[in-house]
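The two complexes that follow have subunit A in common; it is paired with subunit B in the first and with subunit C in the second.
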Partner chain A sequence: MIETRIEPPKPLVTITVDGVEMTAPQGATILETCRDADIAVPTLCYLDTLEAFNACRACLVEVEGSRTLVPSCSREVTEGLVVETESERVVAARKMVYELLASSVDLSLVDGETAMFMERYDVDVDRFGTADRPVRAVKVEDDLYIRDYDKCIMCFRCVAACGPDAQNTFAIDVAGRGLKATIATEFDIVLPDSACVYCGNCIGVCPSGALMFKTEFDMRASGDWRPEDQTVSRTVCSFCGVGCNLELHVQDNRIVTVTSPMDHDVTSGHLCIKGRFGWSHVQPDDQ
Partner chain B sequence: MSRWDGGLDRSSADDRVAYGGFHKAASQRHLLLPALHAVQDAIGWVSHGAINYISERLTLGPAEAYGVATFYDLIATDEQPARVAHVCDDIACKAAGVDVMLDDLERELGPPRTDLDGVMWRPSPCLGQCDKGSAAFVQVAGGDHRVAAPASAKQIIEILRSPKPRDHVVAPTPRQVGAPTSLLARVGSQPTLDEYRADGGYEALTTALSKGSAWVVEQVVASGIKGRGGAAFPAGIKWKSVAAHDGTKYVVCNADESEPGTFKDRVLLENDPYLIIEALTIAGLAVGAERGYLYIRDEYPIALRAITEALSSVRAEGLLGEDILSSGRTFEIETRRGAGAYICGEETALFNSVEGYRPEPRQKPPFPTDAGLFGRPTLVNNVETLANIPGIIRKGGAAFATIGTDDSTGSKLFCVSGNVSEPGVFEVPFGATVRDLISLAGGPTSDIAAVLIGGAAGAFILPQDLDLALTFEATRERGIGLGSGVVIVFDSSVDFVEIVNRIAEFFGDESCGLCIPCRVGTVRQAESLVRLSSSNGDRTVELEILDELDRVLRDGSVCGLGQAASVAVQSALALGLIGDPA
Partner chain C sequence: MYAVDPRRTESAEWADVWLGIDVGSDVALSNTIAREIIHAGLTNDAFIAHSTSGYDAYAASVEDWTLERGEEVTGVPAETIRQLAHDYATAETAQLCWTLGITEHHTGTDNVISLINLALLTGHVGRYGSGLVPIRGQNNVQGGGDMGALPNKLPGFQDVTNDEHRGKFEAAWGVDVPSEPGWHVTEMFDAMERGDIKAMYVIGENPAQSEADTTRAIDLLDGLDFLVVQDIFLTKTAALADVVLPAAAGWAESDGTVTSSERRVQLMHKALDPPGEAKDDIEILCLLANEMGHNWDIPNSEQVWDELRSLSPMHAGMSYARLEEHGGLQWPCPDEDHPGTLFLHGWLWEDPMPREPAPFIAVEWAPPVDPLSEDFPVRLTTGRRLDGYNTGVQSGGYRSPLATGAVIDIDPLDGHRLGVTDGDTVRVVSRRGAIDVTARLRDGLRPGLAFMAIHWPDDGDVNTLTLDAWDPKSGTAEFKATAVRIETLVGVG
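Let's turn to the complex of A and B:
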């Protein structure tokens, strides 16, 4: 028998966001409250299926009485909180966060939301021109996925997805510190020699294009990657009985990548190697 | 289920399966840094095999252990010589002219960061020996780590090459001047436990046990003492808040002292270890903790030895452990060594370091008093804050509060270094001015150009402002922090561009890398300063960049490191010490 515990409803607190009073359940974050109210707040590292890292600072908002700006992704609402989501101070900080980020990594494949906010804040990606930055070569170590840490924005999502928040494999972690920090296996050994089980959950959460299916990487290299010509069909994985939902991304009648819906209650967007990569048997060989 | 398979001295007892389950085994993670230290100490670096072995024993992923190991400057994951000298090239030593010695060293030994016939040297951030004007900390694999302060090239080479290396340190002279609380009373005498007790030591613990925890906390509240570690938070509030929680709690003595220009905690730890241990014991018993951690930076091997010896003496005398002084109360202290990372002094980074995670700070709230070490309510105090506690208990909080000013009670240790005749640690009641301290330190060696208050995270003042009282309130009013009590005097021969660039470089090197403003902003700030001082920089553009970096660092950084990373730079610009059109 499945027991369903019904929690008593959370008491509501009243807060003011951009001059508008609204209520939110106790325990909700400022970010959740804003998004429920259709107030756009950018994020880079936050993902609602993972624990908040407080790392990127794109989601900063101004909270009355606070000495510094506050990360909306992790600050819980409290009664009477007064929040400004796009004050001059907030915009200045967010713009600088993007400009600094752009000076340290290649943002060419960053997600659409980020690109939109960068335009909105008039971000000058060349502001720091010849700035020093670690240049990192693409890691192509197997036929399943590639790691291009030159694009990595250090959002830590992949580490959480590989580790405590989803896969519990701990194949990768942050190594080094400061601007030299990067995501790595131990001693930077190649993935096939590491603990990686090729669930591809890191690819599923990566917002920067740093982690990519080998198919997509190769198609981009040959100029054949055309997202506008792709269709997505939803199906249930047939390998086992768990019932994971798959989204098959198809271009020119061929599956090119596989994802799982973030809001699917079985997977929360996470899969295993079979669902993620085990589709070669359903389509004819290239030769 | 986890497997244990022993080491070289594998015994049949190791050949077993532990049915503790994953979570029980994972609770060993806090031993990660001590395990890395053990390998580093014995071999001089930590190999891939060692990481795999440690990971297996502690049931964590090798990538996690590698991530932790690579954070720390003093843990090497590439093979390196068995002896490595870390030689200070930081601001106080620079002011005192250390560059001459560094040139000597390079000429006589060879270039830095290079294997020189089985030894190596490299420049280091402040080693907490600033009164000596030059310093080296030498990692000696297979032996005890050594210190030279002041350090000559000859002494450093001797420690690197000698079969039996020893420390080269000059004994400190006691320098308390008209200070009624006598924090430095035993400096220079290095008392044994018996001598410490004959001098009134452990009277406070006896009093604390007889009067009870609530009374002790009340005294700390009444004393008005504010934290001496830099944040100036009222200690009483923290003690009260931790005491009010139920269940497992911890106390932590923050002895990471890495703020450039700070060396007071080292002087206390090396000379009066019993005082700190007694104080931490009082703190633990008062707030209801059974375990305390003393987190000490690894560059303080002499202090670590003093503390370790003192801990075994007090345990033998029943002053620590179970049933302390027959009170039925239990309290134990564990020392933890840092491994070369300034950020570990930030309290939440310190917790992560002890727990075996990468020492990245945690977002506050929650505050340590609610959820700190191992997620439990935790009291963190600086060494000097704790050093005041036995006196507060003996004489009462109210008596302590009469010393100093209303908002800055008690006396304070100041670390005076740079261009003064007799640099050192001075204890003065709060209220003394910068000028007072400089004259206690024998006066400036020549014309003062500027004084840095508060360390790398602090701000400069000009000679016309030497009458500034070094109290929390007077400095706050001027928009500068008292920090950890740093007073570095710079005379007119000092190149401020070089000093400010060194400060900026320090923050870039020490940023943990968690948040974008600090990870990238500290490095961009250092680069902009270099462009500003070079002839081809566009002054207007650079000043605008520095100003905007200042804003985002202060507004957007997760922790105090990033939030303070532009303060000294901005004050140097505002005072015209740097950045004036050439």
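Let's turn to the complex of A and C:
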């Protein structure tokens, strides 16, 4: 007897997205259904591997009969739902989301998908001025990674990855209120004194360049960061028997950063300190 | 989750219950749990009858292990042992996971067998969510064994003493394959001492720092007529060598496969060119063979892998293309339509049984070889820290904010008794050697228990203290149980 647990199939519901009828299993979200159908919907706080946090409003869509736009990451499909993913109203709202965000955060290093949508919606990052953008020193407290709060969009992905959705270390959380809310360690102590275990899973999920490898930070500062010259190779971490997959980002025959594929089922993109940072022994001039 | 560990580790802090077992009392704990399961009527009788043999003799062998005796030997309260036994036996699914805390003892194999007995008592094996899970410490410990890097095995766990198995390899390779098992590494050092081994070729290992009782290991390596070391660094072992062959780092500088704890074979892709004259292991071995008068081409890793697949039935279905497509496959995977095997011992539940039933094997507890005494009153155990790896060759270089360096963790009460405060330099003395290291007073130990990580041998080699008494069944030395005393150094630190 080989027993494998299979969940009973969920009933399918029929919905209409941008005029096209499609089916989705009960319990799926509008966002998941759109992505399965290759309909692009922007997200900032949402990530496949984390619990939806429902904070950023980038993924708003229009649902027939709904007074307000709805966050597609969190709204489950129901029979007969009619969805417009890029109506005039949706575009106006998304453009506003990015422009308001840009009034208080430096969006220059957002991920490629977000940059693409900002261009598509003709986002004017200076529309609401930059007076509210705080200027804070980048936190460089060790040789592994940096925290640049001026680029933090408060998407909470790092908090989820550090906490219950991946690492269960709970080294960081939201401190302060309103405009003064930031992500912080306990009592805002420096990272090396905090509960941080340097897995770097927060960097892995950060969409805006607020959390960054020290290597990348230094190379950007010196003008040596050239993504167009980088290759990415997949391998397996050598430090234990779990079998975490690594993506080695290499420039000029040097590893510059390490990521892990989100779609690989061993760890869904998460690593520990050794896999994320323990590669200096193969760097030519570190040996 | 129950955590059984002499130290209250971070995992133990996450557990619902921590059993702070005395070092080296693992069989005593297993046998006590077994007796409790039997006496409470919580055995899986249908599974025992259908899938196992030797139950009666086994049950008799654990009969003396009352909860009270278990408490006396393990140091774990009887009630906690009882609770673990009942929760394990009555859980719908349960796994026993272990690593070197079980195996690095002179009774390592018996420790493992004692755990297997518990799974057989309760039927927690060969089912989804239940099982016996040895967690591997490197990315290819499993793969090394699978490839035949064992004294008695050919690739795919085919036995050198089996004429049919051996004959298949002899036919494919056109050479005779020795029919006698070779030596494992611990036996090799004994053979060096007897003079039966005069030359050695070490690939990717650093025994001058990783063997127990390294003073003896270094003497023996140094006394060889000829030592070749193939490594990515000039390790302490390589420094003793007559010839050093610089190698590429497997995980980043070459293509190939590794096999994880869950028997999953995964591909590695070359990302970097190796430095200087360093070469891929395959190339080095083939060039050597050619120097010895053979005419081997220099195959790529996929060609080597395809040869393996032609000879090892459990790997036959794992083409590079499939490994790429599926993100790895778990053996056995006998043909290219096979999805791989999620768990190994499902056959135990088949009716009729396709193989002989799984035997219970009675094992008896034996205390550590290195006894505590008035002169050596503290039990030193060794292990890893989160950010370190083995002898530190690979992990010593990156700037981990968590790095401790060579320190000995001792219980605050021991610190108080010895007059040692956090950060003092102390001398740690065993029956084999002494080292000076920094002391840290740490909760999570207990009086009489100390801990050192193995990652900083250049600053304080804990393996000059450890004992090379080894398990005759596995060849693994008793790294986990050394008797030491801790001396304060007046005027130092």
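Rule of thumb we're sticking to: the second predicted complex is superposed on the first by the 277 of 287 C-alpha atoms of A that agree within 3 Å, B and C clash if a C-alpha of one lies under 4 Å from a C-alpha of the other, contacts with A are read in each partner's own complex, and residues count from 1 in each chain.
Keep this in mind: contacts are C-beta pairs under 8 Å (C-beta built on N, C-alpha and C of every residue); 3 or more make two chains touch, one makes a residue touch a chain.
Owing to the predicted nature of the structure, the values given are computational and were not obtained by experimental measurement.
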{"item": "Partner chain in contact with A:Arg57 - subunit B first, subunit C second, else both or neither", "value": "first"}
{"item": "First, second, both or neither for A:Ala92, with subunit B first and subunit C second", "value": "first"}
{"item": "Which superposed partner A:Leu100 touches (first subunit B, second subunit C, both, neither)", "value": "first"}
{"item": "Which superposed partner A:Ile172 touches (first subunit B, second subunit C, both, neither)", "value": "first"}
{"item": "Partner chain(s) touched by A:Val197 [first = subunit B, second = subunit C, both, neither]", "value": "second"}
{"item": "Partner chain in contact with A:Phe128 - subunit B first, subunit C second, else both or neither", "value": "first"}
{"item": "Partner chain(s) touched by A:Gly80 [first = subunit B, second = subunit C, both, neither]", "value": "neither"}
{"item": "First (subunit B), second (subunit C), both or neither touched by A:Ala184", "value": "first"}
{"item": "Touched partner set for A:Pro71, first subunit B, second subunit C, both or neither", "value": "first"}
{"item": "Subunit B/subunit C common contact set on subunit A", "value": "none"}
{"item": "Touch list for subunit C against partner subunit A, complex", "value": "14, 127-129, 135-139, 141-142, 232-233, 249-253, 258, 260-262, 264, 266-273, 275, 327-328, 342, 346, 349-351, 386-387, 389, 393-402"}
{"item": "Touching residues (chain side subunit B, partner subunit A) in the complex", "value": "48, 51-52, 55, 60-67, 70-71, 77, 341, 358, 362-363, 508-517, 519-524, 527, 545, 548-549, 551-552, 554-558, 563"}
{"item": "Residues of subunit A that touch subunit C when the two form their complex", "value": "1-5, 142-144, 168, 191-192, 197-198, 231, 233-243, 245-246, 248, 250, 253-255, 264-266, 272-274, 277-282, 284, 286-287"}
{"item": "In the complex with subunit B, residue positions of subunit A that touch it", "value": "44, 53-58, 60, 68-69, 71, 74, 89, 92-93, 96-97, 100-101, 103-104, 127-128, 131-132, 154, 163, 169-181, 184-187, 189, 194-195"}
